[in-house]
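Shared between the two complexes below is subunit A, which pairs with subunit B and subunit C, respectively.
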Partner chain A sequence: MMDVTIKCFSQVKYALGMNELNLTVDDGLTTTELEKLIREKAKGKLDGVSLRVSVNQKYVPHVIKLKDGDEVAFIPPVQGG
Partner chain B sequence: MITTPKELQEWNDEVKNFTVIDVRPEVQRKEFPLNGLNTVVSNENEINLIEGSKVLVCQFGIVTEGMIIENDLEDTYSLLGGAQAWIEFQNEQFDLSRWSRQTVLPEVGMEGQKKLLNAAVAIIGMGGLGCPAAQSLISAGIGKLKIIDGDKVELSNLHRQPLYGPDDIGQLKVIVAKEKLERLNCNTIIEPIDNYLNEENGLSYIQDTEVVIDATDNIQTRQLIDLFSKESSVPMVYGGLFRFEGQVAVLNANGSAGYSELFPEPPSGGDTCADAGVLGMLPGIIGNIQALETLKLIVGIESNLIGKLLIYDGMSHSTQIIQL
Partner chain C sequence: MIIVEIVSRPIEFFPSDDNRQQDGAELIFNGRVRATEHGKNITALEYEQYEGMAETELAHLAAETVKQFPINDLLCKHRIGKINVGETSLHVVMWSQHRKEGLKAMTWFISELKKRVPIWKWAILEDGRKIPSECSHE
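Entry: the complex of A and B
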């Protein structure tokens, strides 16, 4: 098992009701699998919302395996202006 | 020989040994004084009696040029454009002092200010982000601002769009904005375009500018700005809001990622301010960060948000920077 921290922004923050989330997950969990987990926790509030992923403050355009201690953020597009 | 007002100013600053001779009649000397110069008054017949280097000043620089040729005067210069040019030059110098609090910054300096005075910026959207961005850039001395929006002022805009007041409701935003912005700095050329950016007109709005500011409120227009920013090689300063949060990124600059790399199409989600709600201060902060990044791009300040996404949280005042 390994620990990852999820930083929550905009709709993700409101959907989960928190700024940050610490999770213990299976070794080798991928970013896509973690996103699925987060969407499940949001109970439908993130349905239809595109999310982009950053790991350790670096944007990750492709699926990668996470490591222990990684900080992950799921970034939705924001529209207001 | 001829000297320019700039050269004369430099000689004056260097305390170079020369005499400025005002050959104009008294009425002109009184009406148009040569501020900043120590002058002697002389007429054509007595100029030769004054020793050393001489600069002759008449009203327009024509009479003195003739005097030098006709009298074959040595080591004598005519001030190009005469007193009129000197006064204009001095006024210009005075204007630059308007920005002394920013030109004193070594990162900006007089060279940076001149770049700002000659730069053109397009702002797409004159709402919550566009108003503060335009105000700050106008105050910073930007040379030309194209403001693009087809919208009219509504009552619900007023709490976050400080260029507009109750009397402006129903008026085109760009027309009201131009009028208000000109009061801040009448030297900036403001081109109001009362239209929405679309596939046909977008390139023409962006291509003759140094930077395009994305101050829109919808993803579709944002994608179009990204497209035309890439096509015209004009960097795009993206800004977006969600409730207490804002995002800023400098896209398509020096080969950095664009919006389509950040959010490959078709992104969905992301409510508008009308759906999600917003306090007026947040677009004020984010619009000003966009203006700051625009200024950095124009002046050439290397510490910037090129290839980075800034996420600002107005609740905790925390920021996160994601490398793109």
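Entry: the complex of A and C
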């Protein structure tokens, strides 16, 4: 098992009702599997919301296996400016 | 020269520069908070950032812009936190030899900022409720 931290922003924060979530998950869990888990926790509130993934504060364009201690964010459409 | 800053206080504008001999265009963009969003009246927007990543992405974008376009300097401040209607949320200044490339660079920089820098807005309604902003224009 390994620990990951999920940072929550905007619609993700609104859907989950928290800024941060610490989870203990199976070794080798992928970003896609973690996203599925987060969407399930949101109980439909993230349906239709596209999410980009960042790991340790860098966008990851492809599915990757997570490592113990990783900081993950599922980034809804950004709105700066 | 590139300067990017994310600040949580009212933006102090970068000064205009009368000493440039080779730059015919000084472009200044100020993004301000509108009073309505999707037909609803708001009193302010609250900007949220992914601390660390937002400034890193902004710095990468600024470097990419200077590399891609013939502009000489790019200075940018993005404010976060609660910003009242009418106040400035984004301030960008660029200098270029001619205005055409400067205008192109400014448009590209702001469009890309709105696609990749992890900053979000929450709308504060007249009754004080705070909801995620629905506004995300490129």
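Points worth noting:
Basically, the second predicted complex is superposed on the first by the 77 of 81 C-alpha atoms of A that agree within 3 Å, B and C clash if a C-alpha of one lies under 4 Å from a C-alpha of the other, contacts with A are read in each partner's own complex, and residues count from 1 in each chain.
As a convention for this text, a residue touches a chain if its C-beta (ideal position, glycine included) is under 8 Å from a C-beta of that chain, and two chains touch if they have at least 3 such contacts.
Because the structure is predicted, anything quoted here is derived from the model rather than measured.
Of the two partner chains, subunit B and subunit C are each touched by A:78. Once chain A of one complex is fitted onto chain A of the other, the partner contacts of A:54 extend to both subunit B and subunit C. In the superposed pair of complexes, A:14 makes contact with subunit B and with subunit C alike. Set side by side, subunit B and subunit C differ in how many residues of subunit A they touch, and the one touching more is B. Shared-chain residue A:5: touches no atom of subunit B or subunit C. Overlap of the subunit B and subunit C contact sets on subunit A: residues 7, 9-11, 14, 54, 57-59, 73, 75-81.
By the touch criterion given at the top, residues 125, 127-130, 214-219, 239-243, 245-247, 257, 261-263, 266-273, 276, 278, 283, 309, 311, 313, 316, 320-324 of subunit B touch subunit A in their complex. Subunit A makes touch with subunit B in their complex at residues 7, 9-11, 13-14, 19, 46, 48-50, 52, 54, 57-59, 61, 73, 75-81. Of all residues in subunit C, only 31, 47-48, 50, 52-54, 56, 78, 89-90, 110, 113-122, 131-133, 135-137 touch subunit A in the complex they form.
Listed in rising order, the residues of subunit A touching subunit C in the complex are 7, 9-11, 14, 54, 57-59, 73, 75-81.
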